[in-house]
Amino acid sequence: MATQQDTYDYTLRLADNCLILGQRLAEWCGHGPVLEQDIALTNISLDLIGQARNYYQYAAELTGSKKSEDDIAFLRNDREYKNLLLVEQPNIDFGYTIIRQYFFDVFHFHLLNELATSQDKTLAGIAQKSQKEVTYHKRWSGQWVFRLGDGTDESHERTQAALDHFWPYAFESVIPDTLDKNMTQYGIGADLSKIEEIVKKEITNHLREATLTLPTETWNQTGGKNGLHSEHLGYLLAEMQHLQRAYPGAEW
Amino acid sequence: MATQQDTYDYTLRLADNCLILGQRLAEWCGHGPVLEQDIALTNISLDLIGQARNYYQYAAELTGSKKSEDDIAFLRNDREYKNLLLVEQPNIDFGYTIIRQYFFDVFHFHLLNELATSQDKTLAGIAQKSQKEVTYHKRWSGQWVFRLGDGTDESHERTQAALDHFWPYAFESVIPDTLDKNMTQYGIGADLSKIEEIVKKEITNHLREATLTLPTETWNQTGGKNGLHSEHLGYLLAEMQHLQRAYPGAEW
Amino acid sequence: MNTIDLEKEFQRKLDAEEKIEPKDWMPDDYRKTLIRQISQHAHSEIVGMLPEGNWLTRAPSLRRKVAALAKVQDEAGHGLYLYSACETLGVERDELLEQLHTGKAKYSSIFNYPTLTWADMGAIGWLVDGAAIMNQVPLCRCSYGPYARAMVRVCKEESFHQRQGYEIMLTLCNGTPEQKAMAQDALNRWWWPSIMMFGPNDADSPHTAQSMQWKIKRFTNDELRQRFIDATVPQADILGIKIPDPDLKWNEETKHYDFGSIDWDEFWAVVKGNGPCNKERLAARNKAHDNGAWVREAALAYTEKKRKKTAA
Amino acid sequence: MNTIDLEKEFQRKLDAEEKIEPKDWMPDDYRKTLIRQISQHAHSEIVGMLPEGNWLTRAPSLRRKVAALAKVQDEAGHGLYLYSACETLGVERDELLEQLHTGKAKYSSIFNYPTLTWADMGAIGWLVDGAAIMNQVPLCRCSYGPYARAMVRVCKEESFHQRQGYEIMLTLCNGTPEQKAMAQDALNRWWWPSIMMFGPNDADSPHTAQSMQWKIKRFTNDELRQRFIDATVPQADILGIKIPDPDLKWNEETKHYDFGSIDWDEFWAVVKGNGPCNKERLAARNKAHDNGAWVREAALAYTEKKRKKTAA
């Protein structure tokens, strides 16, 4: 059976993905390419941070302590964040942001499908509540992959560059590690081996339809799930945590 | 007579200018346009942070407490930093960095000339020790103003843009406020009214010789000396203070 | 109808408090005044995203981060309503944006001040949105229909934002001494710019009379300013922080607060472009627009390709 | 002299431990080997600025900030000496940089790992510079004069850096439990990459024999690796942190430490380009170079203008 610690660790991964990607998207707010898409980016950020809160609240419960969602979200060090490397990568431009988002959305969508039937009722509940939002995210980013991939020469080129850049980060999500496998066995975690093929197929078909060239590289950057991050995360956290760190114990 | 608090506040301004500009220059390290200039930028950063340490150590003494240079350098909030707005502005590109540096160096050079005869022996000593370094800084940035201003069309254009951009920040340094005036009267602070003309004349002559067009704007951005900063400083501090804040009380 | 009849009909509607609608005849100057005012208002919403946007990534709790994101997003939405309202007057959004980006169009000067601490998120909600509401509630009864209806939606959300801002201030004022000092500092910095938001004194506001006659405006600048001050002073008292005006005091006779004289030199300097952040705000908007050009082009090109395919 | 005499004279110098100097005759392959090795070494210094550069703005004290800046600056200086040494062999710095930027030239794979915490600044100094010194001290006796002399200067500074790194680790290990954990974590991550720095096992290192014959290299990879491990284990013991190798133990017979087998798959993956930061490191160098183009051009143009003026 899953220990409380297992479930806590697993929940943190879910939470951190949502928070860190939400944080990256929040950087766009006020700087989007057109007002409607500025709103859309912020909307997805809001959804993800909302979902993150649900997970963190559950994680806080699981600690059995007085820890709050904010204590967990803000007061860990860099090595204790368990998000995928993909979601912490910088925005760079709208094309990079879309490719990053699309990779995450496809995974996220199928992950939640699995999680929705988790034997952990809380996680199943959060997953179910999130499905509608994430369906929308996937549709939005997927549409933009089409528009950018099959838009102008410039947009095609930029989006291809983004695709090549993020390709090694695309599938860390579906490579199970020990915790993933154990949580699957306990009937709590999503079975990544079940969704791996679906995710890869959906992504590759979609990219082809968007007239993009699939990179031939097969190597995956991994480590995020176990707190081995890129150098980008530290800066993101320094910024995100600044007030919590500078005014310890204050209520906001 | 100057109170301990006056001297402390005045010393902080000197220290913060050096630290914050040193921090900005440190961002260049490893990213300079050519190896020799990478080294030069780091060198100036090192000099300035070294000078900052002298001032902070004196400031720490003046508090009469157990505060260390690091407590003062790292553990104040954004509104408590007293550096000029100029020095906290982002690097943008090498041209902007050079214009920012040159404006500061000319002021700094003449400031130290005055401070070197301060009745406050510690400040006078620090100023004297710093003069050689700052003479070199001014020569270096001044030379680069020539090279960039009178180099290629592109470099001229970029440098003119940088000049126009930083012009409103150029002379906050020589506009005395109450503390400046009081400290001058006590025989401790530099007499800004004495150096204002020299600084302006030197800068304008130099810029003209570099074939740059002097902006006609006469309006000055001010506030830094009293802790009213631009939005850039907060991010710089969040990054700079991160470890000090995240591990309170730790020794490094 | 001839021009005289059209003018009469226009006047009749104004007198009867009927709305002027896009297809109705209206005097050229009425149209121009509305375009200027609505587009300035729209631009203010868009530029207004920047100062608060500055704290989104540094919001100190998840709850506050979500609320702040939603608020800035609402401002984008207000921008959209208002650009749409403006388009009903026959001017395209692109043209309006062009005016903003080249510095030809104005936006509210308040957004040329920097947000230096988290407390500014409170102060902006409380004071800036508070002042905005004071200005905007009467606009819900503006004679031009599309503007009036946009303002109904805007005002509903703004008053939510204002409460949210006040609540941030309240939390800070009930917090640690450092937090309360942060709140006081924010009030010190935002007070005067906020009361300048109502514009010059009536004597120096030449357009006011015409706008009131057209029932675009319903109250003068000074009337609105006084209302705002009267409403805000007791709120500051509840917070336990002090409005930075030594001349501020209750006047038993007028039943209003008297207040000190406003530094109109600062106001005009900022309007003219010499505020702490004018250049940065405009640069940020231009950068977003320029960096977005290829995205907008791609979306158009893709739609065109799809259209051709469907047509073929 | 004819070729045979030249070869004899070259060999005589090698045998007599006399230095080969730039103007001396040398075999083509000797020259090529040196160019490859010295330029790789120079590139490693330059790319090596990036991982530590990552913590300059976040150094936790002023003293550490100054020391870290000076250290990274020293690496730039080493890069300069080494590019100069390489230029004595008839190849320009620009050409070498071009090889780096296009990915044609290699640099030490260790710099393709990220610096994740402040403790990495300690671990890099202690382990990476430690390993580098082990490699480099014998190079002070390298048969090629300019390289040997550059290495004398480099080694002096490197050993200072190594002490500085160790001192960072010592401070962390004597600090709070969190700091000690940070130090242990850094050791865990940097240990294996550090001992891979000595290159493949001798059996898989085809160039070693020739390089030793030419007295470019003085020891084999495995010999140097063993020395490094023997020197480093007791240092870890003093720190009170554990080297992440369960097979590591003192061998009374050999008087050396035995150690576990190295994951050469990881080594070759990183060499081939699939390390955590390969792309970022190269991108950072390219970006710096590209963004600097207009600056270098301006400097040239200005010098040219001055020259013409002086000539006129």
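Here are some notes:
When the chains are written out, they are named A, B, C and D in that same order, and each has its own residue count from 1.
Please note the rule applied: a contact is a pair of C-beta atoms (placed from the backbone, for glycine too) under 8 Å apart; a residue touches a chain by one contact, two chains touch by 3 or more.
Model, not experiment: these values are computed from the prediction.
Steps from subunit A to subunit D, taking the shortest chain of touch contacts, total 1. Taking each chain's centre as the mean of its C-alpha atoms, subunit B lies 37 Å from subunit C.
Subunit A and subunit B have Cα centroids lying 41 Å from one another. In subunit C, the residues touching two or more other chains are 58, 178. Multi-chain contact residues of subunit A (touching two or more other chains): 77, 234, 238-239, 242.
Inter-chain contacts occur between A-B, A-C, A-D, B-C, B-D. Subunit A makes touch with subunit B in their complex at residues 77, 234-235, 237-239, 241-242, 245-246, 248. The touching residues of subunit B, counted against subunit C in their complex, run 77-79, 165, 168, 219, 221, 223, 228-231, 234, 238.
Interface residues of subunit D facing subunit B in the complex, by the touch rule stated above, are 46, 49-50, 53, 56-66, 69-70, 72-73, 76-77, 79-80, 83, 118, 168, 171-172, 175-176, 178-179, 284, 287-289, 291-303, 305.
Residue ranges on subunit A touching subunit C, taken from their complex, read 19, 23, 26-27, 29-39, 42-43, 45-46, 49-50, 52-53, 56, 69-70, 73-74, 93-95, 146-148, 150-152, 154-155, 158, 239-240, 242-244, 247, 249-252. For subunit D in complex with subunit A, the residues that touch the partner chain are 54, 58, 114-117, 178, 185, 189, 269, 274, 276-277, 279-280.
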